[in-house]
Amino acid sequence: MSVEISPMILSVFVPLFGAIAAFVLPRAAALIGFATLVLTSGAVAWLARDVLAAGAVGLPLGGWGAPLGIDLRADGLSVAMLALTSVVGFLVSIAALDSLKGPEQARQRQYFWPLWLLLLTGMNGVYLSTDIFNLYVMIEVIALAAVGLTVLSGSRAALQAGLDYMYASIFGALLFLMGVGFVYLQLGRLDFAGLTGAAPTGALIAALALIFVGLALKTALFPLHFWLPAAHANATAPASALLSGLVVKAALYVVLRLAQYMPFPSENLLTLVGLMGAGAVIWGGVQALRAERLKLLVAWSTVAQIGLIFVAFARAGEVGLSESWKAAALLILAHGIAKAAMFLAAGRIKDEIGHDVIRDLDRTPIRPTLAQFTFALAAISLIGLPPSLGFIGKWSLMEGAMAAGYWHWVGVTMAGTLLSVAYFSRVFAGFLRFDRVRAPVGEHQGWALADAAPLTLALMAIGLGLLAAPVLSFIEIGYPFGVAP
Amino acid sequence: MQDVVAAVLITTGTVFFIAGTVGLLRFPDIFCRLHALTKADGLGLALIALGVAFLAATPGAVFRIVLIWFFVAAASATCGHLVARYARRSGAGVRHD
Amino acid sequence: MTDPLVIFDLLLALAIVALAAASLSVRDLFSMIVLFIIFGLLSALAWVRLSAPDVALAEAAIGTGVTGALLLKTLHHLRFASGTLGQKAAYGVTPVAPVPMAVIMTNAVFCGLITLGLVVAFLGAPAAGPGFDPLVAEAMPQSGVEHPVTGVLLNFRSYDTLMEVVVLLAAVVAVWQIERGLSEAPAPAMGEVWQGFARLALPAIVVVGTYLLWVGAEAPGGAFQGGAVLAAVGLLLLLTRAYVPQPAHRGIARGAFVLGTAAFALVALLVASGGRVAFEYPLDHAKTLILLIEGMVTISIAVTLAALFHGREPVALAKGDRNDT
Amino acid sequence: MMDAPLLPLFILLTSLLAAPILFALPERAARLRTAINLGMAALKVALVGWLSIKVSQGVIYDLRFEMLPGLEFKLQADPLAILFIALSAVLWLITTIYSVGYLEHGPHRARFFGFFSLCVAATVGIALSGNLFTFLLFYELLTLATYPLVIHRGTAEALRAGRIYLIYTLAGGLVLLLGTLGLWVLAGTTDFVPGGVLADVVAENRLAAQLLFVVLIGALGVKAALVPFHRWLPIAMVAPAPVSALLHAVAVVKAGAFGIMRVVYEVFGIETAQTLGMTAPLAALAGVTIIYGSIRAITQDDIKKRLAYSTVSQVSYITLGVALASPIAAVGALAHLIHQGLMKITMFMAAGNLAEGLGVKRVSQMDGVGRAMPGTMLAFTLAALGMIGLPPLAGFVSKWYLAQGGLQADQVWVIALLLGSSLLNAIYFLPMLHRAWFRDAAPEGTGAPGRPRIGWMLAAPPVTTAVLVLVAGSFANAPFSPLEWTRFIVAIEYQE
Amino acid sequence: MTPDLIYGLTGVAVFGIGLVGALSAQDRLRRVLALKLCSVGAGFLLVVGAWREPPAAPDPVPHALVITGIVVMVSATAVALALIRRLQTLEATDER
């Protein structure tokens, strides 16, 4: 009796088994975690090959088929998200090996791996799901694991931030669940296919609103972003990288996915989404300008960037949605990679110089050069300078908005870009200024192997811009929005 | 016939419950309240259980009802004891007037 | 309006809403929790009225019982930690400032509007509208069990159920990560009457829990309800200090936490052969496999819920240790 | 000679690949660093020479790589590109030698030369860009690569200047992005094609095309330091001398001017630009900038600031030549691109030598420096006289053609403008020369303290470029002279 | 007046009450409780959706979903409470 296993089920189960093993055998957690990530990446690669060869693939779990059972489905967009998660996850794991290596971090090390692998289980589950209740459960897996990672350091600030995150997370999930209830009331089924083409009745509009607000809370869309800066800024560096680079993307992905199937009630709603995004871009930018600590600045920049992704989503109105999601997807990928790199680099800088107060970045004779360089590279992608992936995303955003005559979104994007230049240049100035240091500046201090992972991520964020065309054609596989490119 | 007996028993039980509740609300201090609650509810429960047993279809069901009655009675007695004990140790006042 | 039960329904509904509002507005936190427990039990009753006994059982056992116990334990812990054991509302080191009435009113108006919108949406939705019932009815013979809810939980949507167990696992991992140590608030002295009751009740609870698990295949009950009832045993043992978790027990505990998830996932994976996909149990063995899974999951749920109640990893801490060691 | 279709890419890579190597070299590996620097720079000059021969033989280089559907990364080597690339290759070699000498004992040399390399790579990329999209990529890279160079000293003042520089140029880059997008949406292509790509669009979308012109020229005008976007240039003077030299002669300012050429000639096409009625305002703006820069230069006491305002003025000659829409003026503009580069780099390197060797940073300290540093000051003098437009120096040639072009386009005011500007040039340069040669050094420490000791690496480069100034002017009509090449280009752009 | 109508409105009302609490409660425990109320409200909605006029049997799928929701909620509650306890301990040590 040979077991026939699909790569889809493996990309959810391998991390699950890994988490179990890492929890049961805490001493071998790092080793298990690593092996798991390698195997998961293998499963995702296998899945990517299948999707490339055959287009979108599905798997009716239990053989029942939707709507009674739950189907898994993988198309270009899902696989792109899975790949993002695998690649970023793998590199962050390498960084975590170094950043959690001290004897005083034994406990963090022991819990980092099971929590992170559970998180991976949940995220991969979200990207393959086609059922809104299943999404709810997966989101909760993510939420609990993510909160665990947030408070890994055990500091009071981290715990307070983690508790606020927990409240927001539960609250968002419950709004989502209420929305699921209304969908069931109206349609009697919960699979994506059942949503397609449904008439926008009152119950469905309520469902949509509840689900959207719930997800906006989870992904920290302005003005529901209040929990994010503290949570992401106070977590340990690898956890911050995972939270900011990957976790918020899961909820964003669900928004994209639902927009594909939900009957969208109106153009006005899309405008509202765009306005919230614009608010995030401006407010996040202003707060980042005022932030006193490096990691807080980076966290506020996440708020702004999430807003930008929503602007991309709304950039060309209802008619343009069949194209706009691609701009949003590109920005999601770009932000995921670059922000992970940036948080890791910020963590390295903090480790090396012992603090992350922006004003005093230049008051130290130690210069973690490579980490600073990595930070700058990541910033290039986040600002959206060529040829980074962030630039390509921004280009698509503005191109679509311009072609559709939505100049206000072009203006918002430009304002956001200028703000990001302004706040990141505060950091650059701290890196490059050295007249206040009394001690002679040593050469190349702080070059360490630990910089390899963030640097690789940052270089990917820049370099993937050159591969934007194949990336774009890949995420179109299975025509997620039902419109042929 | 069985239905009538059951109805009478359940109604009586309900009256005891209501009486217990009134006691809970009206009596002046915690010990009096406990007194009303445990006594009246214990009897009310027994009466209702008995009434329901008359309505039960199978002997197995009757057996289960008896078990339920037993454990609920034991639990409520224990609870009453615990509450009283806690109240006395933490010095809750008894109203004298 | 002819059905007298409608009056009962209306009264029950009113009581539920009133209790919900009361539990949020009452000042004393202990009263808040007690009101919440009553609210939960009445909700369970309402769900029985809606012909959902499984849900009612789960809500009573887990949603109200375990949650209530967790809340009470936490309140006790907080009051103990801040030395406010005897006081009514406060427990914090820095007392929580009362929320300004204006804020509450604004929120209330805001939420009222949302609720109103939801009411309109609810009234507009089709009553007893479309559902899965025909599909379930058609598929039940192939499910391996007779009770539809169990069929849904452990066969049709078993992927969800597996992930639900994973959520529970994630919770216990997170809780262990957050809290550690051995000593805490002293055990409440309960007296002999209590001891006697516990001696009587514990075996009975074990029997009831196992019965609930067993009966789940054809009647209301199942792994979650059974697990929750069994967890009550753990709660009682922990409360009476009959069992005190020790660092040496962690290995076994970890094994018990993951048992359900691991068994469930393994079965789900291994059945995928001979043209079947994951989670597709062969018809001949469906009932056995489901019972096996349920058994393992019940153990995990019971132990996990008890561990969540205990709320900390049993680690021997050095004096003055508060962060990472 | 063998044929190498990837030649433009190789030229780009000589400096692009040098950068990471230079970053990674330890600070103390000075010799190896110098060897790599000079080796790569020499290699680039050789490759550019090869390329220009091939291009003059009519070989077409066209490298494409699709980045987004329909949107290509495109390198092409046309005569205009060769002109700019040759300038940057030669001047990079010279400036590299100068920088090695200048920074001999300074800190952060690995960083400096890494970004220096990147900066040249960006300039080469700008020259070779086959469409506005590619141009944009390198334009932004140029900003990023020059920012660390501008603030290289790491002082608070440098950082303030760097911040202003960054905000100006990145905002300009953002507007360029907007313009590129606009072009892409409007025309469906961003390719540089002689005669332009907008001829068909203009008929229906006149206003949009006009707007696009303003946006693009505005964006490029930031780097080209057109009034009112010039403010960053004098402030950026805090940079080390070789950086200033490069910024003014080759990289940033020239990239802007070069971009304006590309946009006017190959995006809009000179005829279309004229039909849109945009050339005359552009010419007027250039005229204003020329006069404004010159007037501001007069009052500056800081040598480098005076030179900076002079750049503001001189670079606008190029814009003026483009905007006059006459082939002869175009010849002048293109020639000035080269000539101004040669002259300005000479002056900046000379100014650097004065500061290094004598500590002289202000005009008022320049008394008698000619005797103290005769070689350097001779070079400075040649370049200054060239700027004023004295025949047979390089500056005269370009001004002559510009004036001719003005006549050809029936714009007589241009002659007056050029005369006025030359007069102003004389007003601010001649006193410097006067002080240097005809005044005695101040008695106390303020002036020249005897003969300074500067190495050949500092002394030789300005002299070399000064000689080039003389040669480019005197032999303007020789084959392969900048002027000759310019005529070749103009024939293409005006499609004659 | 059928039970589904009565309890459906109850569910929405409970959800609304939970909403008010979640937004206004400052006390950490009370906020957890408010969230729990929201979850019960959502549970009501699903159970009501599953209800069919007797003697027809209700739809079992929403029942399963609500059970899942209850277990998920108790997990989340446990984590939130553990955070609250830990935070309180840290605050108490910081005060001393």
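Chains here go by letter, A, B, C, D and E, matching the order in which they are written, and residues are numbered from 1 within each.
Everything below uses one rule, namely that a contact is a pair of C-beta atoms (placed from the backbone, for glycine too) under 8 Å apart; a residue touches a chain by one contact, two chains touch by 3 or more.
Owing to the predicted nature of the structure, the values given are computational and were not obtained by experimental measurement.
Trainee: Treat touching chains as neighbours: how many steps, at the fewest, connect subunit B to subunit E?
Mentor: Minimum step count, subunit B to subunit E: 2.
Trainee: Imagine subunit B is simply missing while all the others stay put: what groups of chains do you get?
Mentor: Leaving out subunit B in thought, the network of contacts stays intact as one piece.
Trainee: Which chain is the middle one, judged by CA centres?
Mentor: A
Trainee: With contacts defined as at the top, give the pair, A-D or B-C, that has more of them.
Mentor: Comparing A-D with B-C, the pair joined by more C-beta contacts is A-D.
Trainee: Can you check how far apart subunit C and subunit D are, centre to centre, with Cα atoms defining each centre and the answer in Å?
Mentor: 73
Trainee: Where the CA atoms of subunit D average out and where those of subunit E average out, how many Å apart are those spots?
Mentor: Centre separation, subunit D to subunit E: 68 Å.
Trainee: Distance between subunit A and subunit E based on Cα centroids, please, to the nearest Å.
Mentor: That pair's centroid distance is 28 Å.
Trainee: For subunit C and subunit E, let me know how many angstrom lie between their CA-based centres, rounded off.
Mentor: Each chain reduced to its C-alpha mean, subunit C and subunit E end up 11 Å apart.
Trainee: Going by the contact rule already set, what residues in subunit A reach two or more other chains?
Mentor: 68, 133, 137, 140, 144, 147-148, 151, 154, 159, 178, 182, 184-185, 188
Trainee: Two or more other chains in contact with one residue: find those residues in subunit E.
Mentor: Within subunit E, the residues that touch at least two other chains are 15, 18, 39, 45, 48-49, 59, 61-62, 65, 68, 72-73, 75-76, 79, 83-84, 86, 90-91.
Trainee: In subunit D, which residues are in touch with two or more of the other chains?
Mentor: none
Trainee: Following the definition at the start, I'd like every touching pair of chains, please.
Mentor: A-C, A-D, A-E, B-C, C-E
Trainee: List the residues on subunit A that touch subunit E in their complex, please.
Mentor: Residue list for subunit A touching subunit E: 68, 133, 136-137, 140, 143-144, 147-148, 151, 154, 156, 159-160, 162-163, 166-167, 169-171, 173-175, 177-178, 180-182, 184-185, 188.
Trainee: Show which residues of subunit C lie in contact with subunit B when the two form their complex.
Mentor: Listed in rising order, the residues of subunit C that touch subunit B are 86, 190-191, 193-194, 197, 200-201, 204.
Trainee: State the interface residues of subunit A toward subunit D in the complex, per the touch definition above.
Mentor: Against subunit D, the touching part of subunit A is residues 373, 380, 383, 385-387, 392, 394-396, 398-399, 402-403, 410, 414, 417-418, 421-422, 425, 428-429, 432-435, 441, 443-444, 465-466, 468-469, 472, 485.
Trainee: Give the list of subunit C residues in touch with subunit A in this complex.
Mentor: 117-118, 120-122, 124-126, 129-132, 135-136, 139, 155-160, 163-164, 166-167, 169-171, 173-174, 176-178, 180, 251, 254-255, 257-258, 261-262, 265, 268-270, 272-281, 322-325
Trainee: Spell out the residues on subunit E that touch subunit A in their complex, using ranges where they run on.
Mentor: 15, 18, 22, 28, 31, 35, 38-39, 41-42, 45-46, 48-49, 59, 61-62, 65, 68-69, 72-73, 75-76, 79-80, 83-84, 86-87, 90-91, 94
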